[in-house]
Structures are given as C-alpha cells and as structure tokens.
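Down below are the structures I want you to see.
The same chain A turns up in both complexes below, where it pairs with chain B and then with chain C.
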Partner chain A sequence: MAARQATGTPAADHATFAGGWNAPWFRRFRRDKMAVAGVIVVLLLTLMAVFAPYLAPYDPAEQHIIYRLRGPSEQFRMGTDEFGRDVLSRIIYGSRASLIVGLASVFLAGVVGTVIGGLSGYIGGRFDLMVSSVVNVLMSFPSLLLGLMVVVVLGPGTTNVIIAVALSLLPNFIRLARGPVLALREREFIVACRAMGASTTRILFKHVLPNILGPISVMSTLWIATAIRTEASLSFLGLGVQPPWPSWGNMIKSGVDNILSNPWLAVYSGLAITVTVLAFNVIGDGLRDALDPKQKTL
Partner chain B sequence: MTAYIARRLLSIIPTLLIVGSLVFFVMRMASGDPAVAILGASATQEALERLRAEMGLDRPLLVQYGEFLLNAVRGDFGRSLITGRSVAEQVFRAFPDTLELVFWGMLIGTVIGLPTGIIAGVRHNSIFDYISRIVALLGLSMPAFYLGILLLLAFAIHLQWFPVISAPRGGFFERMYYTFLPALSLGLIQASFIMRMVRSSLLEVLQEDYIRTAHAKGVHPRRVSYHHALRNALIPVITVMGLYIGTLLAGTVLTETVFNRPGLGRLLVGAIQQRDYPLIQGGLMIYAAVIVVVNTLVDILYGVVDPTIRYD
Partner chain C sequence: MLSKMRSHFRLLPLAAAVVALALTAFVFAAPAGAKVMRIGSGVADVGTLDPHFATNFGEYPIVKAMFNGLVDLPPGTVDMERIQPDLAERWEVNEDGTVWTFYLRQGVQWHHGYGEFTAEDVVFSFNRMKSEEVGSPWRSEVANIKEVRAVDPYTVEIELHAADPFTLLRLVGYHSGFIVSKKAVEELGEEYRFRPIGTGPFMIEEYNPRQSVVLAANKDYFKGAPKLDGLVFLFMPDTATRELALRTREIDAADGNAEQIWVDRMRSQGLIVDTVGPGNGYFLQYNMTMPPFDNLLVRQALSYAINRQDVVEFLGPALARELKSPVPMGYFGHTTEGIETYDYDPQRARQLLAEAGYPNGFTFDIYMSEASSYLPFAQIFQAHWRAIGVTMNLNIVDHASYHALVRENRNGVILYNATRLPIADVYLSQFYHSDAIVGKPTAITNFSHLGDVVASVDHLIEEARFEHNAERQRELYAEAQRIIMEVAAAMPYAQRYSTMARQPYVDLGYELIGPNHFDNLFEHYIYNENTDLIGR
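Then we have the complex of A and B:
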C-alpha cells in the first residue's frame, strides 16, 4: 500500500509528522521494539506520577523514626531513609519531580529556543551574528555547569531548577532551529511566499515551523533525558528540589550520606533515574531512525 | 596552515571575554552587594562604605568590570569570603587532582570505547554489536555519579578492594589506587559515548563509494575496514571526544562529591553551598577557560587530521 506523503510543503518530507497513524515514519517507529518499550515505560511512569497518592503505601513525608534506615522488608518494600520515611512511596512521588522538571524545562527551552533560533536564521544579519556567537560560547559548556550557574543566581527550589535546566538547554534549541531555517529561507517555496506578499509571521508559522518540527521533537525527547539527569544532578548536590519534597536526586544524596547503614536507598533511587532516562533515550533514538532513516545515530 | 592555527588560537580571546563577562555579571546578579555578603546584614553603614571603598565597589560598574577582567588575566580572582585565602591559590591547588581524574577517565573511556565501537561497526548486526549497543545505551542513561555509587558499593564497601574515600596521595601507584574507582565511573560512561560514535561513524563511512571501489579492486576486507574506513571514521570521533572533555570535567563535580575526593568540583560545590562568591567566580572561570582552550585545540587537531578541511 502506498504510504501517504506529507502534504503542503515540498521540503524534507521524511522529517515531518504528517500522514496520521499510517504514516511511514509511524510504521517504522512501531516496528522498533525498544522504542515501543520506551513509550510503555514513560506511560507507566506518567500514570505513577499522576496516581501517586493511590499507589504509594505511605505518605512520602511520614516519619517512622523507630524504623529509620532499614533495608527492604515486608513492611517497607524498599526500606526506609534516615527519617524512617518509606523509600518506595518516596520513589513513587519522586517521579513527579523528575517528569515535571524534565517536561517543563524542555517545553520552555523548546518554545523560547525555537523562536530565537528561527528568528535569528530568518532575519540574519547582525542579530544572527550576535545570537550565534553567544550560542557558540554557551554550547561549549556542559549543561550541568550552566545549570549550576543559574541555580547560584536564583537559589535552589523546583521552579528555579526548571528555569536552570531550561536555560542550559536553550543554546541547543536555538542552534537546532536556526540551521534549517537558514537553509529554508532560500528555498523556492519560501521565496514564492514572500513574492506573493505573505507576512513574515505567516511564513514562519505556516511554512517554516512545520518543516523544523521533526528534528526538534526528536531532540526534545533526547533532551528530556538530559534534563532529568541534570535535575537529578542538581538535587544530588543539594541545589535542586528541596527536602522534604522527594526527588530521585535528593534521595540519592541522602542515600550516599547513609550509604553504610542502608545502601538500598541510593540503589533504588538511582535505578529509577536510569530507567526513566533510558526510556526517553530509546524513544528519541527510535523517533530519529523512524523520521529520518538516513540520519546517523549518535 | 600556520595562519589557520594562529587565527584559531586568537579566537580564544574573544570567547574567554564573553565567558568572563557572563561570569562577572551573573555573579553580581547573584551576590548583590559583595560588601553586605562579607560583613553580613547587620553591619553598620559606615563599615559597609569603608569596605566598599576598599574593594573599589563605589566606582562605576563598568570600571569594576574592566578591573575584574584585568585581574583575571593576571590570574587574580580575589580572596575567599570564608577563609580569606587567595582564590587563585585554592583553585590551582585543587585543579591537578581534577585533571588527574579527567585524564584517567578519558583513558579508560578510550581504551574500552574505541575497540568496542570498531568491532561493533565492522561486525554490525552481530551478537557482539547488539550487546555492546545495549550496554552503551545503559551507560548513556546512567548518571556517572550513580555508576560511581554502584562501584563504591561493590568494590569499596562490599569487596573492600578499594578505599571508600578517594584522597589521592603518595607515589604514582598509590595515587592510581585512590583514583581508579572514580576514574572508572567516569570512563565507563565516556566509553559508551565513544563506542556509539565510532560505530555510527564507521557504518556511515563503510557505505562510501571509495570503500566499494577498494573492495572491487580486491583489497583484503580487513584492510578495507581498518585501513580505508577506520581512518576516515575516526575524524568526527576526535571532535566529539574533545567536546566531551567539557562534560567529563563537569561530571567531576558529582564524582568528587560521591567519592569524597578533593578537587575543583568539590571546591566549587562547597563554595556554592557557602555562597562564597569570589571562589565560585574563580572556579567557574577556570572550568570555562579549560573547556574553551580544549575545544580550540580539538578544532585545530581536526584541521590537521582531516586534509579536506580548507583553512579559510
């Protein structure tokens, strides 16, 4: 059966999301077992975060002081932390911090970065030069270092971590959006639009944006993984989500502080991070292979 | 060629200038009035003003900014608010330990990642390729500090082969004994990156026309893989490895914390927790300078290994 092709714009058909459930990219994606498994894991994690109060056996902040730093048992499936709080319940609630920070920061960076990058590529000139030189400098910094800098200014806390992680991802999105826009600007169909008198806003939203959405969504998925890792790292350093709110990062921190009395605390919370990041990574890889089979996997 | 290298080296200056400006203004935003930060909120107005005049804080911001840059060029980052010691001295004392960690991490990563990537690429879709890809994906998804914790639990706490606290001292072999576990935790993650990069780069090169030509004219398959393909495949790998040094350096912030190891990362984290702004400023500048210099060197190296790059 002939696959439906992307309609509308003639550019980069393989890298757009057009075509519905039967689109070639989606069929390729469904065949990728790892990626499908990743989607299932992310769905389960989302359900876990949403229904945390129904799933968690205890209140995540409830202290059972006489049972502090116990290993896994019948009563506490994953043991307890230094305040005697149930680790399983805290891991279930901790999924909220990771998912919220991961999704919110990537969304924020994605929207702002695409706008700046798109404008920079489309307008060109001095504005583009300025944006690209700052981006080049920022790109050479690991996201953890940029995140640290922002947290130093704003102070710790969930909202600030979202901003910090978003800012650390921003240069990536700007560069990602700028490149294709630069190439598209000279394409015939864009020149034709301009010749027909379409406004810049219309060209950007109707013709340019759909063409760069493919690569942006692939990288967004991969950067959610980076964002979750950065959140965990900042919280691990005590600069992210603040206790008593559970985050997998700050749980690992208390796990390391008490590693001799209850090693399970660090092991379980780190496992939660690894599984989540892994899931987003395989989805990202799968999406990339499906959208653009020719592109190399890094 | 010489002109190209000179130009690349000169480009370090404006980059460092941007970085320095960023660090200066970010720190000013964070600390507000350094005089208040030093003397505390309960200090008298007179004392504050005296200190401000002493530190030159009563002058225009741009003058202070210029002075900060001048001092930074001379390697002077002021004094720590907590200990009163010179920031440069503290930073430079911590730096070798961090460099040692990064060096061994990089070495372990390359020694494991490079051959694995080559074999996986040459024999792609084999069982070896399949397993190493899964392991590498796991490595990419695991924060280095978590891997560090697992290694610490297994080899230092359970088996007691290595020390729990990594405080490097003594001769070469003794230092290695203290550095091995943290370096391994960074190196294994690094190996995952290198393996995936080498593999995909090799796969791409193997589809090139000149590879088919080499096969067609009867070159031994092994020679095609290792001589014709690998050489070209390694070019992008060098760049990525160079860029990854930055991530590795940042990773030491976490690894040093897990292993209680002295170094620039621990110094920086301590400074952030104590709000010791001059020390944060100095630490960030050193990280930034090293990353910028390494990136430029990698860029130059890239030009040297790839003869197809034009130097204009």
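Then we have the complex of A and C:
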C-alpha cells in the first residue's frame, strides 16, 4: 500500500529510501526496537574502532609474558593471552579489522556486483547468459571456501582478505541486482523512457537504480554480518590479520589453543563476534521489514 | 609469481587440517578387540617416511617404530657406554680403529615379503646415505665412512677415513644409522617415501595424507612379536585437540606441549607426562647473505634485543633453560666460557642499530611455521624487536612448507629447534660447517652461510672430529662456539625438554631415565615390541 508512493520514479515495485526523516519506512524502522538496538551497537562499535588508541588500556601487541594466560583482574580487565597481552585492548583493536573488512568488502562487492548484475539484466542476451553461468558456478561454493581459495592465491593480509570476502559475496550481489532489473526492463515506464529516446545510462541511473537500491541496502547490511564472520573464519585459520595484530578471529584461535588454561580468551572474542554479527543482522531484518511492509515477518 | 603462488598454496593444508582433524579424531575406530595404540602426533602431516629423510618430530617416531640400525642405545637412555646389538649381533674393530667388522643377525626378514636382510642392504644403505644425488640431510654423519664392504651375506666391514671416537654412536638407529631394504628402495622408487620397508617391530599399513599413519605389528620381528597389534599416528597439530582427545581417552599417548601450565594440568588429570632430554636446542640463525643481516652490527643489535628470560617464562622454568652457546648444554663439547652471549641489553641494541645506519629500525618479512614449537617464539622476538624499532612481518605457513622454504634460502632470520646425537660435532657439522650451507649439493641445515661468508669454523670441526685427546677436542669445540657467537651467525636462546603425555595404562616396556647428563636421546617415545596397553 504505502510502498507505491511517488518517489520520482513511477510505480516502483520496491520502496526506496526517499522521503527524509519522516518517510514511512523510517518511521517503521524507528519503531523496531531490535533494529534500533542494532544501530546503537554498531555505532558504539564504530566509535570503539575509531578511538581504539584512546580506549585501549595497553598497546595490543605489548607482551607481558610473566602475566600470561591470566583470567580477568584489576590490571587486565579481560585477562591476558598466551603472550601476556591484554585481551581487552586486543578486543578493542580487533574491532578495526572486523569493521574494515566487513564494510569495505561489502561496499566493494555491492558496487561491482550491482553494476555487473544490473547490466547483465538490462542488456540480456549472451552477456546475461555468460554472467549468469559464472554466478551459478560461484554460488555453488560456500562463501568461506571461495574466500579461502582467493586468500590462498593472493596470500594473507587485511587487503587480500577484503578482496577475498568481496569476491565471495559478489555472486550474491550480481544475482540480487539482476533479478529486479530483468523485471523492470519490460515495465511500461522503462519502455516509455526508451521510446522517448533516453540514453541507456540515463535509464539505468535515473530509473533502474533507485528501484533496486532498497533490496540491495537490506541485503548489504545482512551481508556485512556474513563478511565479518568470513573474516573471523579466515583469521581463525591464520589467513587473515597477521600477528602480532589482533582480529577477533585470530583471538578465538589463540583462545581455542589455550581454552583449558584461560577460557576467557575464547569467550570474550567469541562474544565480540556474536554481538557484532547479531547487530548487523537485526538492522538488516529491521530494514527489510520497514522497506517492504507486505512481507512483514512475524 | 609462480613461486609466490606456490608458496601460498602451501597454506591450504592449514585450512584443510582443521577440517581433517575434526574428522580423523572421531572417525577412526580400532577393530574390536585389537590392541592398537593411538598416538596424537603434533604435526599436520608428514613429508616422508623414508628413514634417510625423516627429519621432523612427527616423522621420526613413526620411522623409529619400523626400522633398525646395526646397533642401538638401550631403550630410554643415551648411554654411549652401553650401546647394544641390533641388526648386528656383535662387532670387532681393528687396532687403529679404522676398520669395523659387524656380524649380522641371520634370518631377519624385511616387511611385506621383501626377502631376507643381508650385508647387501647394509652396503646399499650407507652408500645411499652418502650419495650426494640422493641428498639425505644426515649425510654429514657418515662422511667419515670411506667404504662399506659385504664380506659375506652376514658380515660387513666399514672402513673409516680416520678413527672416530664416536663411531658406534653414529651407527645407532637414529638419523643416519637406519638400514633400508635395497630391493624395496629400488623397486618402489618414489613410492618408497610413503611405503617404507623396514625390519622393525611395526610395518606400514596405510598412509592417509593429513589424517593418519597406520602401522601393523610385525609378528615375525626378530626380537619377538610386539605386544601391540598396531600403532596409529593421528595428525593433531592443535594442542587443545590433543589434550581433549587424551582426556576423553580417544588417544593413548600424544606429543606434549612443552609448557609448564600444560604439564601441571595434564598431571592433575591423572595422565603421565614424561620429560625427555638431553633437550632441544632452540636457536635462530641470521642469513648473512641477505641484507640487512649481512651487517654484523644489525645481527648483534637483534641478538641484544632478545630477552631469553621471556622464552623461558613462556615455556616454563621447570622445562626450559636459557641457552647461550651454539651447542646445547649436556652435549659433549658445550661451553659458554669466553663466549659473547649477547645478554639482554635493549639500550645497546638500539645503539648498535643506529651505528649500523638504521636509527629508526627497519622492516622485513619472514616465513614462519604454524607449529607451536616455532610460531610463539617468532612472536616473542617480533615483540622484542618491535621495542627497538624493527618490524618483522610473519608469513605463516604449515610446518613442512617452512622446512622447505628455509632450505630455499627464503628467510633472513631462521628459527630452528633440534635434538641431535649429544656431541658437539653433530650440531656444529650440521648447522655451522660450510658444506652444510643450504642450496649446496651437500646442504644440511646451515642457514647462516657461515663458512662461505664472514668466518669459517670448518677446520675446527674437522680437526676435533678425529682428535682423541678429549681436552684438546673440547678446546677446538670451544673455539668454534666462540667464533660463531662473535660473528653473530646465530642466537641460541633456549634449551627445552620435550614432553609426551600418555594414559596411565600405557606401559612403555622400558624405563625412561629422567633427564640428566646423558639421558634419553630421543625427542619422543619409541614404541617398541615391549610397549603395551595394560587393561584399556
């Protein structure tokens, strides 16, 4: 009902972000307590990542070997790892790796995937067939496996992990963008635009893009959570952030190695990942519900 | 580019291991009633089971269960005075000590129907060991052998270039002393690596890459059929996995973690933890052909920046000690007298670094093994060096790849841990003689290129090898150790006893003599024909 409001493009199937602070979708979003909590958590995490040097009580790589594998105490609020490094400081700094990889890889995959998917759907024909086939092949790999293969070829390190995670998400974005475009292409207002002599670029940017932005934004938020999990998994396997720098994934790895000496290590880093992934997930759910009230889940 | 890619492909095992591990630990089940001993091995995989090539702590105990030497040490000790017969029943030596005659045991059969063991096999084994083409890493230990002759099928003469006071010790079934089957090596070729044919109490049954090695009892073993029906080595590179598997009795014994906390915890769980010596020497070498490590001041600076106490603290004071000489403590010839030991002095380190032209430090990358006996120390030094402005980036690879990469001269700093025959000669020959420089046809494990660049200790090692006056021999070894430290080719930092854990029902079949001056040679258990599982 409300989804069909004027947004500059005639009769859009999907609601968009237009309308400012008082747009119906935003009002619905604000009412979703879980989603708002998610936003707050993500904001806090972002602040934590940005201001890590001011918040962390210790240098995250500084070793105090005589205090190794201690539980939480006055001196080390979350205890220490096998080298006597402060776990709290490492958790704080670790948020940087997770957020940077999560956001950068989704952004990268989102932009590239939307362009490829959009073009593929709009142009159609052989190009579409080719893209779809490649996507189908890539989709048959679990995203972690795909990421793993890419990192193995490129080598470990944050930049390579971003590329790897982006590549592992790319097929999802391509498919996501292609579907609606395929449907839109035949819609009257697009056909009308074409008949009026509008250029392909103009049609794509002015009419097609705003119509697919909604679902892409929703899925992006959800996939940030996937990206963070993939990064943690790669780091857990020793392929992500390299020592001595912390990432939640490599902290869990060290926590598992020492789980019987100091279980707190795995608990805290595991919690950090859980909370972050959960936050992005509830935001994504909230956005989806807000933007598409017809499919409201119970 | 290709080689870069290849090296990264080596990371794959790391990932695969995690998955494989989870599976192997639970999938394997011994046939009902069979007395099969399950051992958690601390490596992700083995690179070879050919005894002339087995080098790492995962490969060696498997090989030892399948092969024999001409002579052996009494189980559980390294008592050079009590070397006992093995494949040879008795032996004689001529007046000047250059010709040794060994009378072989008759009727010993090779595993899997490869016929009877004869003098031919002994000749073949030593020629193979000596061959540059074959390229065994233990070549230097048999360099003194001039010729091995088969007098008749059951008599072998070994002629030496010069009399060597440690001849028998070098012939024990350890690195260089294993006898292989001529027929099997020739027939199997490349396949022999994972289809080793020996004479020992256990024989190869299966090799499952990244999962396990299964050995079956050799019922015709010449010292009597083993009490066990078989051994299964399960690859469990993850410490916590091994520990949990021990607790749940999924495995009967496992490679230990040489950490105090771990030992205390295992003992409190009712498990037996054995510590064996004479101890693993922990040291690093600088690749003196690779800038900036070709600069003496840089090497000295890095050495001064290392706080050995941190490593000892990490390993546990009861299990480790600071090592300050290139030859480990307790090995014949070890000394620290008159030697520059580079005691922790970060101030001095910074000063030397500035003098070397790096007032703000520098950055370098190295490959590092993921093994828990390597990676933590690299991380400790990473922190030590960071304190003086030097950044070391670690490119972490699996253990077998690390071994391969450092032999390709790819690292500026090489970490290495080794247990060898407890005499200075073996350690010095393998790590500091110019013949042992990696990349040479005679390469062993000299990663520093000492001997080709900077200084040489070749003449000292060679002279000492045939010196019968023990006093003079010690002096020569001391001089070699002094030079190595003076030019900062290496930085020895710790000596550690290895640990193994076993269930209380595992009976080794012999008594393990506790660490003392000359104690257990072997880094890890040797499961022999007397090993048993009592009432599991």
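Everything that follows uses one rule, which is that the second predicted complex is superposed on the first by the 286 of 298 C-alpha atoms of A that agree within 3 Å, B and C clash if a C-alpha of one lies under 4 Å from a C-alpha of the other, contacts with A are read in each partner's own complex, and residues count from 1 in each chain.
To be clear about the criterion, contacts are C-beta pairs under 8 Å (C-beta built on N, C-alpha and C of every residue); 3 or more make two chains touch, one makes a residue touch a chain.
Everything numeric in this text was worked out from a predicted model, so none of it was measured.
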Looking at the overlay, does A:M196 come into contact with chain B only (first), chain C only (second), both, or neither? neither
**Request:** Based on the superposed arrangement, let me know which partner A:R68 touches: chain B (first), chain C (second), both, or neither?
**Result:** second
Next item on the list: In the overlay, answer first, second, both or neither for which of chain B and chain C A:V137 touches.
Entry: first
Just chain B (first), just chain C (second), both, or neither: which does A:E82 touch? second
Applying the touch criterion given at the start, work out whether A:V153 contacts chain B, chain C, both or neither, answering first, second, both or neither.
-> both
Chosen between chain B and chain C, the partner touching more chain A residues is B
Check: Once the shared chain is lined up, is A:L237 touching chain B (first), chain C (second), both, or neither of them?
Finding: both
Query raised in the report: First (chain B), second (chain C), both or neither: which does A:V256 touch?
Result: both
Check the residue A:V277 against both partner chains and state whether it touches chain B (first), chain C (second), both, or neither. first
Chain A residues where the chain B and chain C footprints coincide 148, 151-153, 237-239, 256, 259-260
Listed in rising order, chain A residues that touch chain B in their complex are 133-134, 136-137, 140-145, 148-149, 151-153, 225, 229, 232-233, 236-239, 252, 255-256, 259-260, 263, 266-267, 270, 273-274, 277-278, 281-282, 285, 296-298
Contacts from chain A onto chain C in the complex sit at residues 61-63, 65-66, 68-69, 82-83, 148, 151-156, 237-239, 242-244, 256-261
Seen from chain B, its contact residues with chain A in the complex are 15, 18-19, 22-23, 26-27, 29-30, 137-138, 140-143, 145-146, 149-150, 152-153, 157, 196-197, 200-201, 203-204, 240, 243, 246-247, 249-251, 253-254, 257-258, 268-269, 272-273, 280, 284, 287-288, 291-292, 295
Interface with chain A, chain C side, in the complex: residues 4-5, 8-9, 11-12, 14-15, 18, 238-240, 243, 261-262, 265, 310, 313-314, 370, 372, 375-376, 379-380, 382-383, 386, 393-396
